[in-house]
């Protein structure tokens, strides 16, 4: 039989291996390029005043991001408080109660589908649900929007983490007479708490960068976030958007980069931190 | 009879742990050599040195010589792709590729040779006949390889292994996942195939070794305890460990 | 009796929480449908194919937004999928240390907030496109002169913004998602099958393209659809760089808009019929995303089910 040229096959293989190496390097380089640019551009804006002063219109001295930072923290905390209890219980239902497998499958499927929903639609939804009836923007509405985004994520990570707890643990505690409820909450959740916390933190990291929902709910204000419940609430992502796109002034752009740096550092720290602390199986977000 | 394969002072390591110790084994041409021993004794590992498939894993390495027709296949000058064309391997579980029956068998031909369509068809048919599978699949050549029964899938893998006309066949417990009927068919096939190929088969089934092999090697904890003609090994083992294993005292 | 009552209520409470997912889904649909009713009544299905967007004359059409979304997403996928696949194959075969470090580096791309991508796109990529890349493509290589397809690739005028820039940013953003899923899928290849592939004498490329990829094709498709879904829904990053022009894209350099960007951009000042049009756009986006997500999940699930044989 006529033999194929080995040389051609090996050449194609070598080219492919180089290409795949380049692909990896390109992707990692992209990360480094972007992060390093954020650091370089944002550094110049950082100063104690930057962190302590609230934002002010262009031209007014002593402007900072303190109010936006505070507002973002309040909004995110609110979202976590709103989303976590029901999401964990929903995850518990998926993981622990197996008597209607078809229903569970549908719910799990729906949660996965919800995770891919565009955040701008969530913003529209909460706008109609809360902003219009109330007649004003609010930080609370923003928290609700972010909570809706967090909900399916925490639900699924909870299910996955609880699923990793060995079945024997459940049997053992039921065998000594504990109720299902107590078993789940006190024993199983406690055993999986590392994973559950990781899931919540990662969901938080993900929503803290979301901008589109905030445009429809909290908008922005150059004041301290006292109006969390009743008025527009300053926050980081919208501040960045405003300073970058709605302002022609270099000083504002610089402040925007500073704010971008702060968010990026926080989010990356959260991500890297959870990865290091909890070396559990990674799940694609 | 000339030696097709010969292992000389073969040592094998998983990382820093040594699992094969100074193995020396002659494998005669066009005979079936069985490799037996208790689980974990290194028999599969030994097999996997022969076609250098262990090189897929970073921390596995072999030292020593494995001669194929007098040439050491472990040397870096040997082309691994050609080696693997020349030495076919069949695994414990059938491993059909995700393609049609025809494409499965044609694949090694496509890889290594430039053949016309009709040539390929002929070779595929030959290989399937050689694996006693042609009659059963000739009308469903386009069906997926995965649609066949377990025994058929394993014979498909055999057809695939012999399509590129190798000289040696390595079989790692080829019937362990099959029912007795399918096992019998494969054993019959192996006796047929040894007319054309040198076969080395790892098996934990001693009756199988006794039934079909010409020579047997007994492995224990990475060492070849005893080697010889099958009839002698099973009726008159020299080493006490061999006798204990054969009479079922352990393993 | 009391114990089982607690368990019973707890179970139903948890079930209710899980059911919120369905309620939310339904809520999205109903709300978008209701608020876009006006536009459907005025324009009917022609809204989907109309190119006009004139708030003053109160004429609206979804086509430019849809076209912008589809074209930027197509560009993003054609860049991201081959790279993600190649990267995934590399990582799966690499030494454990390299796999961890580079794998984490790529995963962190997914962690960067989209508004940061938007800023980087606006202040770094757009100037880069305008000063270096687009001149190279249009003036040096003159790809717009290529017969048949050239006029879709580029044109003489460029300003750094456009669907190519948008597609590039999207590609960087969706690559880590696709890569992560592909890595998981590739690692599910049974070791024996891999050995069988190399055992017949494949090179790594041949084993990958002829055996490993076909084996995992369902999971791979699932990953691609996940990336597609992510690209569809991305708002801010695209908003910053696509040019915000309510026009049909003529070629890769054209400024355009996407559905999400249109909604985010126009909403604050919109009211009446325009607002209804934006909700209609939202409904279109919801339907598109839902279909893609369902397809993605269906493929991913059948990939893991396949393993059970």
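A, B and C label the chains in the order they appear, each numbered from 1.
In this section, a residue touches a chain if its C-beta (ideal position, glycine included) is under 8 Å from a C-beta of that chain, and two chains touch if they have at least 3 such contacts.
Small disclaimer: the values here were computed from a predicted structure and weren't measured.
Which chain's mean C-alpha position is nearest the mean C-alpha position of the whole protein set?
If one averages C-alpha positions chain by chain, the most central is C.
With chain centres set to the mean of the C-alpha atoms, which chain is at the far end from chain A?
Measuring from the centre of chain A, the most distant chain centre belongs to B.
Quick check: more C-beta contact pairs at A-B or at B-C?
Higher contact count goes to B-C.
Quick check: how many Å separate the C-alpha centres of chain A and chain C?
Between these chains, centre-to-centre, one finds 18 Å.
How far is the middle of chain A from the middle of chain B, if each middle is the mean of its Cα atoms, in Å?
Using C-alpha averages as centres, the distance is 52 Å.
Where the centres are mean C-alpha positions, what is the separation of chain B from chain C, in Å?
A distance of 48 Å separates the two centres.
Among the residues of chain C, which ones contact at least 2 other chains?
In chain C, the residues touching two or more other chains are 203, 206.
Can you list the chain B residues in contact with two or more other chains?
Residues 81-82, 111-112.
What positions in chain A touch 2 or more of the other chains?
Chain A, residues with two or more chain partners: 9-10.
Which residues of chain A touch chain C in their complex?
Against chain C, the touching part of chain A is residues 9-10, 12-13, 16-17, 19-24, 26-28, 30-32, 34-35, 37-38, 41, 86-87, 89-90, 92-94, 96-97, 107, 109-114, 116-121, 123-125, 128-129, 148, 151-152, 155, 179-181, 184, 205-206, 208-212, 215-216, 237, 240-241, 244-245, 253, 256-257, 260, 263-264, 267-268, 271-272, 275, 282, 284-285.
Where on chain C does chain B make contact in their complex?
By the definition above, chain C touches chain B via 95, 190, 192-203, 206, 210-211, 214-215, 309.
How about chain B: which of its residues touch chain C in the complex?
51, 53, 56, 58, 80-85, 88-89, 91-93, 95, 97-99, 107-108, 111-112, 146, 157, 160-161, 164
Could you please specify the touching residues of chain A with respect to chain B in the complex?
Touching chain B: residues 1-4, 6, 9-10 of chain A.
If you look only at chain C, which of its residues touch chain A in the complex?
Its residues touching chain A are 3-4, 6-7, 10-11, 13-15, 17-22, 24-25, 27-28, 31-32, 35, 82-84, 86-87, 89-91, 102, 104-120, 122-124, 172, 175-177, 179-181, 184, 203-206, 208, 226, 229-230, 232-236, 239-240, 260, 263-264, 267-268, 279, 282, 285-286, 289-290, 292-294, 296-297, 301.
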